[in-house]
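Can you read through this structure? Questions will come right after.
Letters are used for the chains, namely A, B, C and D, taken in the order the chains are written, and counting of residues starts over at 1 for each.
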Amino acid sequence: MVPEYYLVIKMKESIIMKIHYGTALGAVALVAVHILMRLSQKFSDSLQYQNVLANYHFLPYALMLEVILILLSVHGFNGLRVILLELKQGVAYERAINYGSIVAMIVLVAYGSRTILMAGMGLS
Amino acid sequence: MAEQFSNREGIKGMINPTRYGLHRVAYWLQRLSGLGLLAYLIGHIYETSTILNGKAAWNNMLSLTETPGGHLVLVLVIGMCVFHTGNGIRLMISEGGKGVGKPGQPEYPYRASSLNSKQRLCIWVSIALAALAMMYGAGVLFGN
Amino acid sequence: MVNSIDSDLLIVGSGLAGLRAAIQAAKVAPHIKIAVISKLQVMRSHSVSAEGGTAAVLYPEDGDTIESHVYDTVKGSDFLGDQDVIERLVNEMPSEVYQLEHWGMPWSRRDDGRIGQRNFGGYSFPRATYAQDKVGFYEMQTLYDTCQKFDNIEFYNEWFVTSIVHDGQRFCGLTAIEMSNGTFYTFKAKALIIATGGAGRVYSFSTYALASTPDGLDMAYRAGMALKDMEFVQFHPTGILPSGILITEGARGEGGYLLNNKGERFMKKYAPSKLELASRDVVSRAMITEINEGRGFKHDTGVDCLKLDLRHLGKELIIRKLPAIREISLKFSGIDPSNEPVDVRPVCHYMMGGIHSNIDGATEIQGIWAAGEAACNSVHGANRLGANSTAECLVWGKITGELAAKYILEEKSSPPFPLHLVATEEKRIYDGIFRGTGSVNPYEVRQELTEIMNNKSYVFRNETDLVEGLKLVRALRQKTWKHVDDKAKEYNTNFTNVMELDSMFRVSEVILMGAIWRKESRGAHARTDYPDRDDKNFLAHTLVYYDTKEPVIKTHPVTITKYKPVERKY
Amino acid sequence: MATVEVPKEQKVEPTTPAPAPSKPKTITLRISRFNPSEHAETKFEEFKIPVQKWTTVLEAILYVKQSLDHSVAVRYSCRQASCGSCGMKINGKPRLACYTKVSELESNVITVEPMNNFPIIRDLAVDFKQLFSTHKKMKPFIINEESEVQPGTKEFVQTPKDLEKFLQFSYCIKCGLCNSACPTMATDKSFIGPQGLAQAYRYTADNRDQGKKDRLKIVDQSHGIWRCHFAGSCSDVCPKGVDPAMAIQLLRGYMLGFRK
């Protein structure tokens, strides 16, 4: 079996997976809110440029989007990490997957946050 | 022993949802929907980022997504999301050791109690909810 | 150059006896190298099939006594059992049951948390300690799993041992083939425990695993050790049709009836006080008598049989206490024992005889011990009681493991290794068998041999049949079956099957010769031409030694301590 | 001992007229043949063989070995589903050959292949080294300072209820069918697998054992218990009713804090 300490971030698998479940739970509630808000108006209206921007300007909603973004990136990329980890084994490969998924999470969160932040501050 | 003789079933075996009953189908759908949702999430974040480039860019993007093809994708996403959520909740509860049956002396012919009818019902309900949500979504999106 | 492996203690056979020995040796001597060698994967040994129970006096407070277990066993053995050996078995057993329990054995429990016991044939107290009806399986699992604690026990899964090497006095090593790649090896070590189990596959209708062939017995026999009391073959009353898989005596212990085609519980004629729970030899003879006198049934396959009726026990009890029986009858015969009686017939089940060994399990060669069914320390005499065999495996596994480990710790030097014997053995198996030429299908020969044994030395025997059988066996041996069609090295079971057949011939001959020699009826050996026990001439063990011309028969005295032989009645 | 009562005569219903001996039928057995050191790939050989209604797949294979082609490599021993030797893929699904009747497959063509996810030694015989060594890593024994008896030791008290908590998992015959059906096993060569995980639970759930902490640590690794996604295929194919999927989820319950 591959030793588990190739992970520089020595997080036990159980902790990682608890985060996976935790993020999923958080997401259930928040995604529901996110979708319901969209459905509270006519769908095509919800996509109007002004309406969307208005959403971003509404701070609690923007904050929620940020939280969803973090939860889902963590959950989604960890899910992907799990699948990839099971596909192929090897110390170098697994290290790449573990780091890769962390990097992917950070990139996605950063990219999404940029939108939320800039749109929220009215920079567009 | 060289891995080429290891006779592992490989991805094909992992993916093949037939042969082993409903739990295996649910496993496969959960994976597929998880991946699909991840892909959508990435796309969605890219999609929303165009709002920073002004109304023209945003509308440009809308003209790409607000199409029958784009709506079809959304309907699928709705289905995946609902199934993944429903089945995900089942999994979280079960993987915590709840609702997977109680150990006891098995009786021939053996029927695994972790594959019990409640579990199967939950899977069917997740599938049904996903189907309903997709129909509703399709109604909203394709209706006028 | 032959590949060679050095070790300290070799244990051939990984059934109950072999595994128990390995654990004890590892406990006594944590630093010696112990190799458990088996032609099967370790926990696939025949012992997993043992069903009914393991005898032990656990609760004297409930009325059981050591004396009673000793006497039941002596009587069961038809007074051929060595009584000092029997006392040792009975005295050691209780702590063995508790030891297994401490290692994780899932014994069935009473409501108050104590270990459960059930009735068994030939006992005057319910002392067959049970774990549902999968006793042997659970015992094997417990021992195998406990072995995983010790890092000095190494398992050689699927290594076929072919011969024992010694210098005339002391043990030197073994030769074996690693089956996965066909490589021939020698093992060098100071001590050996033979635990190769029984040989019931010399009979065509048998409860044994398909791997229970007499290789181990034959190895010892060829190496000059005597086989003792081989004419005593136990036929269990209830082998299910058509497969011959065992329906445990526990089924009768829980209250099952045997019925003939008139619907009678015929056992009341033969053993009025114990009925179905008389000892096995008695019940089997009664059944064959019923069949011979026309009161049997005909099974689909055309074989005569009787019925075992469990319906009155109720489905609930059957599911709880006899689940494996239910499973076996449903699966293999399509019968639910709670609705329908099952078809049964006496079936070859146990070899009372084996490698001549003493009360410590020591054989005639220094450094070699024998334990379990392969050994004959005369604890069972002419007929074994159910549940005493797993007990024997545990007790002598422990004793021999301990003695062999101590012997290794004390023994400084090893004798020089007689390499020429390895060369001879290589020639025997490779030139004599693997590269042999022939036209006869060895599997057909095996079928024929086992049928001869079934027809000529079954429950009832007589001079004409036995002599005829011996002639047929010897004639069959002359055919050109010694060859191997499969020429691959990897996992060549064709090769090992032919070697097994080779050993079956020698051991079948010993069984027949012993049976011809013993002109009396005692225990499992029932001669219609000599229907009575003859203590004057035959209160002795038979020893058969290998000789290139014809096996040599000798006798060995029976140890009698407290109980003088009397007439045996149930 | 209580004297045995002689019960009232019990009548067996007049036997229904003996069923006519079922006539053998002929089926085609396709056996996968492969010796890694000699061949480049697997090929199938077909044999026509007679079967009766009670013939098992193992018997069918042994018929071929004994009468048609001696070189078929197959592992077997007990022929009664208690030793775990004869796991293989029969008509696409992992099963015990001695426990599968030809008649219950309801097909005139039977295909037997070696179990997946185990290296092939030859033909139907596969290599169990990994399963055995993983089993050993699970510390499959009672961990308790008092596990060696002293003179006078009596049993640990264990009620039938305590027994039921683990009994079912000790039905495992180490046949490996579960490992060959599990989707994670299909690609993950470091995964402990359902067999090992179920045994880790079997000993942990035993009231005589105190090794829970040790075992939880062992299974909590990147290719440990978390690689099970409750696909249930292990329990679907287990011939002994062990239900490894249940054992795994119960074990994980300890780690998620749902169970103590």
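Please note the rule applied: a residue touches a chain if its C-beta (ideal position, glycine included) is under 8 Å from a C-beta of that chain, and two chains touch if they have at least 3 such contacts.
What you see is a predicted model; the values in this text were computed from it and never measured.
Here D is the chain whose Cα centre lies closest to the centre of all protein Cα atoms. Across the two interfaces under comparison, A-B and A-D, the one joined by more C-beta contacts turns out to be A-B. Between the CA-based centres of chain A and chain B the separation comes to 17 Å, rounded to the whole angstrom. Averaged Cα coordinates give chain A a centre that lies 42 Å from the centre of chain D.
Centroid to centroid, with C-alpha atoms defining each point, chain A and chain C lie 65 Å apart. Per-chain Cα centroids separate chain B from chain C by 56 Å. Multi-chain contact residues of chain C (touching two or more other chains): 327, 331. Contacts with at least two other chains are made by residues 36, 127, 166-167, 184, 187, 189, 256 of chain D.
With touch defined as above, residues shared between interfaces to two or more other chains in chain B number as follows: 11, 14, 31, 95, 105, 107-108.
By the touch rule above, chain D contacts chain A in their complex via residues 137, 184, 187-191, 220-224, 226-227, 255-256.
The touching residues of chain C, when paired with chain B in their complex, are 132, 319-320, 323, 326-327, 330-331.
The residues of chain A lying in touch with chain B in their complex are 21, 24-25, 28, 31, 39, 43-44, 47, 49, 52-53, 56, 69, 72-73, 76-77, 79-80, 83, 86-87, 108, 111-112, 114-115, 118-119, 123-124. Within the complex, the chain B residues that touch chain D are 1, 3, 5-11, 13-14, 19-24, 26-28, 30-31, 91, 94-98, 100-101, 103-108, 110-115. Against chain C, the residues of chain B that register as touching in their complex are 105, 107-109.
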